[in-house]
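Each of the next two complexes has chain A plus one other chain: chain B in the first, chain C in the second.
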Partner chain A sequence: MAPAARMRLLKLAVIWVVLLTAPYWSAPIGGYPALCSRVVILGMAAMAFNLLLGFTGIMSFGHAAFFGLGAYGAGLALKFATSSTILAIIAGVLLGTIAGALLGALVVRRRGVYFAMVTIAFGQIFYFIAFRWNTLTGGDDGLRGFARQPVGIGRWLLDIQHNDILFYDFVLVVLAVVAGLMGLLLQSPFGRTLLAIRENERRARFLGIAVDLHIWLAFVASCLFVACAGALYACLNNFADPTLFNYNMSGTIVIMAVLGGFRAFWGPMLGAAVFVVMQDYLSSMMQNWMWAVGLIFMAVVLFFPRGILGVLRRRASA
Partner chain B sequence: MKGPRLPSRRSLIKGSAAIGAIGALQLASPFIISARGEVPLRIGMIDPLSGSYAAVARSEVEGAKLGVAEVNAKGGILGRQVELLVEDSANDVGTGVQKAHKLFERDHVDVLFGDVNSAIALALAQVSSAAGKLHIVTGGHTDGITGKDCHWNVFRVCNTTYMDADAVTQVLVDKLGKKWFFLTPDYAYGHTLQAAFVKLLTKLGGTYEAALAPIGTNDYSAYLIKARASGAKVLIDLMGGGDQVVSIKQFTQFGLNKQMALGGALFELESIQALPANARTGWWTMEWYWNQPGVPHVAEFVANIRKGTGKTASARHWFGYVAVRSVQLAAERAKSVDGVKMARAMEGMTLPPDVALMPGTFGYRAGDHQLMSSVMVGEARNPPPGDNPDDLFKVTALVPGEKAALPVDESGCTLRYPA
Partner chain C sequence: MTELLLFNVTNGLIIGAFYVLMALGLSLILNLSGVINFAHGGFLALGGYIAFTMQPFIGFWGALLLAPVLVAVLGLLLERTMIRRLYGRDPLYSLLLTFGLAFILQDFTRYVWGANGLPFTVPAFLAAPISDQLFFVTWYRLFMVAVVAIAVGGLFLFLRYTRTGVRIRAGTLDLETVSVLGVNVGGLRAYNFALGIFLAGLAGVLASGQLSLVPNMGDSLLMPSFVAIIVGGVGSLPGTLLGGLLIGLASGLVTLFWPSAADAVIYVIMAIVLLLRPRGLLGEEGMLG
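Entry: the complex of A and B
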């Protein structure tokens, strides 16, 4: 095996060992299973978002829309239609993906600031729908009255409903599938084409690549994975509320990706860990915790524009 | 040629890493403390310490802190000292739910308090009942909490929206007429409060129009223009906390106070204090008031709150205080801090005079876990008659809770204890 490949496998092994054992080693330093699940779920959303920012070079500021659709899709399905957590997650993913495909088709021709602005508008549209449609979504009160259900695999029934660590493991399984798919996508010729578009869109166009189609496909894939994270998020809290659609949420996703390092595959996961854990600690201590996060974000953008992982990498290669 | 290298870059990175490491240690250290021989009883309290309801939420926390200090001074609960862990819900339901998971999973609290925001209180109840712990809703008023969304483990100190509406509707109609315009917050609290008012008003032959405004609205001009155009004689301002303050300020700034009267359900001491003198008018309800001459223990409680905070005690201080003392009473009755046992002990439990702090005997109703305290109806006033600048409300009637509340079988509550 080539040393580079061996190194990659080793890194992957380390990441998964850290993730798998997180509920145990984080407990003595103030962690708890729901926090670990939050990190992984939001990290999944940030990684999915990064498919666009980091690997296609497109800035979406409305990914909260698809995160929220995933959450409400799963929540509504659990509340009204099904008692299967898996089916509910699939419902959330479908809702988010379909919306992503339709809205994506409207924005693929836009670039830069215009793309970002139109995507913000999408998020706010769904925010106000969720806020005002009291009878279906519960309005500002949020969607209550559903709970994730135990998952049956063959003869075993995994009680992810009451066992938080088991639910965390369930989230990790979904992450493995999502990360695997994203990895394959990026390794494929399609992924390479996205990189080409990121590096020089005009050249890619001159080479005969259907740029808009590729961006649309990347957008839909990104929405699919973000919606999956959203559906898991609804299952984590047994709850969904309109702020999931808010531009604040979109901003959080962007911050997590940039903080961790958007040129690296796992960077957004690291960013999510830093962001969520800081929020958890600081918000118990002071009401203006966003102030501290804002300072760190500014420092990262000014001094380490490639994020935390970017700095570590440069260290390693130097 | 390379110029002299700025020393700042590398040392900056190292320096910030060092500071970060120290910071991390600072943050982490409180959590490594492991169990000691004497484990304190932990009460988690989630309240919106930032956002529109910050002022009233702070009062609730201050009241609870006074309760904890008093209980601890007398030897704690069942010999265990009480520890109050306060978390900010930021007036956001999702954050509140997240904090509840944190308090139950990491801090292993035995009891949960909160939240001022009705929607958050409803969502917290879902988490606390799944965790099997006693939960006292200190200040979220929507009917559902002790109505159709009631839980075996959830008790409520403050009134239901129906109680407040029922106590004041007749007075509002007598004093201000039957043509109303509701300004209602667009969430659980506003929805049930307005529904109760509408039901009672139409029974008396009144008519109304209404506008729903989101929590945290800053500009009420559109709603106020609509109110004036409706031809209503009175603005029923149901907004809560800081939102009510802002909306009434704009109501007087636009000169609407010369054309319309003002009234509603809650007009809390914190809100009256925050308003200019000419806006302190109208007929309202108060759930507890500090100036109750002749009622035992009230003066002492007011003095203790003033000593601790420098403020005049409000209904919110009382909510927080009653919640802590209720846990103490329930634990002593149950001789346990187990969720189910304490909940059973609290059913039908009446509050002694030093906790009730108002006339009459009342307690938590067994059928729906609602505290049956009396509703104080009266008029906001300015200037205050006595020495205390906070004597801004004149209580004209005391409506017993049992009379104002819907009977249990109409509340829609069925309690299901875990098997």
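Entry: the complex of A and C
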């Protein structure tokens, strides 16, 4: 095996060992299984978002929309249609993906700040729908009255409903699937083409690549995985509310990716871990903590624009 | 029915006037510097609060003039110290910076003035209704529209007839050439940024006479302002003006027939515009992609 491949395998092994044991090693330092689940779920969302930012060079600022749709889709399915957690997640994913495909078609020809602005604005439409459609979504109070259900595998029934660590493991299984699919996607000729678009869109166009189509497909894939994270988030909290759709949520997804390092596949997961833990700590310390989150945003931009992994990599190569 | 219709049309136009002030400021900054200023709503609220604090000392008229200037000075300081560093970099960073700044400004106003709404009193003759038939239109509403009209007119005259204004417009089209011609582009951008923030502050003072003063009062105006810019066409200030009035009027009218859809209708308009005319109503092809 080539040294580079061995190195990658080693890194992957370390990442998964850390993830799998997180509920145990984090307990003495104030972690708890639900917090671990939140980190992994938001990290999944940030990684999915990063398909666009890090690997296609497209800045979407409206991913809260698809995260929220995944959450509401799963919540509504559990409440009204099914008692299967997995079917509910699939429902959420479908809802988010369809919306992503439609909105993506509207925005795909925009670039740069314009793309960011259009996606921010469109994200808000779902906020208002969730906010106003009281009878279905519960309006401002949020969607309640559903709970994730135990998952049966063959003869076993995994009680992810009451056992938080089992639910965390369930989240990790979904993460394995999602990360595997995203990894395969990026390794494929399609993923390589996305990198070419990121590096030089004009040259990619001259090579005869259907740039808009590729960006649209990347957008839809990204929405699919973000919606999956959103569906898990609804299952985690047994609750979904309109703030999931808010542009603050979109900003959170972006900052997690940038904080961890958006040029690295696992960077957003690291960013999510740091951000969520800091937020959890800050909100337990003080009542008004948004300014501190704002400071994190500004500090990242001014001092760590390449993120934690970016800084580490530069150290390593220097 | 006619009165109700009239009521909603005037409401729509007034809210549209706010969108226009907000969106013109955003547009100025976006066009020249490529920065989406997420903190614009925070500057708006700050303008309202500063006016509230100054009013007992210098009166309504003094506050109306001075508060936006103070907010613009603050904007200038932030531009010089932080935002300026990000001009050459990916627009992602200025977006995230102003995003964080928005959080900080909002918590700052909450910390200083409290989270509860504060009353901002306007002069008595402005608070009175115009007539018995038109009891729903106070003089203040007309006054707001007039101030907005003066501000917008002044802005367009400034951009058309003064040297700085011409440079700002030229810089929007081709900043590199403007720089090569010997214009201090950094100074121009700073000046332009402060101008945009001034408009936000002015909108804040006007809004606090109509709505109540709360720290997040700018939030509900920010997204519609983005929509106004996109509908009107990125890069075009007349487009922004048109877009703001259009979506204000549309949400006013929809409130009459289907109140719960009033917030969402502007996004539907945006979707239609993007579908039929991707560059926006008055936008030019190729501006900012």
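Just so it is clear, the second predicted complex is superposed on the first by the 318 of 318 C-alpha atoms of A that agree within 3 Å, B and C clash if a C-alpha of one lies under 4 Å from a C-alpha of the other, contacts with A are read in each partner's own complex, and residues count from 1 in each chain.
Note that in this section a residue touches a chain if its C-beta (ideal position, glycine included) is under 8 Å from a C-beta of that chain, and two chains touch if they have at least 3 such contacts.
Note that the structure is predicted; figures quoted are calculated from it, not measured.
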Quick one: classify A:124 as touching chain B (first), chain C (second), both or neither.
second
First, second, both or neither for A:295, with chain B first and chain C second
second
Using the superposition on chain A described above, determine whether A:284 touches chain B (first), chain C (second), both, or neither.
first
Look at A:80 in the shared chain and tell me whether it touches chain B only, chain C only, both, or neither; answer first, second, both or neither.
neither
Quick one: classify A:258 as touching chain B (first), chain C (second), both or neither.
second
Looking at the overlay, does A:241 come into contact with chain B only (first), chain C only (second), both, or neither?
first
With the two structures laid over each other on chain A, which partner does A:164 touch: chain B (first), chain C (second), both, or neither?
first
Under the contact definition given at the top, report the residues of chain A touching chain B in one complex and chain C in the other.
131-132, 288
What residues of chain B sit close enough to touch chain A in their complex?
12-13, 16, 27-28, 31-32, 49-50, 87-88, 90, 92-95, 97-99, 101-102, 105-106, 118-119, 122-123, 126-127, 130, 149, 186-188, 191, 214-215
Hey, which residues of chain C end up touching chain A in the complex?
30, 34-36, 38, 82, 85-86, 89-97, 99-104, 106-108, 110-111, 223, 226-227, 229-230, 234, 260-261, 263-264, 267-268, 270-271, 274-275, 278, 288-289
List of chain A residues in touch with chain B within their complex:
28-35, 38, 131-132, 134, 139-142, 144-145, 147, 162, 164, 237-239, 241, 243-244, 280-285, 287-288, 299, 303, 311
Chain C partner contacts - residues on chain A that touch it in the complex
53, 59, 61, 106-107, 109-118, 120-122, 124-125, 128-129, 131-133, 247, 251, 254-255, 258, 288, 290-291, 293-298, 300-302, 305
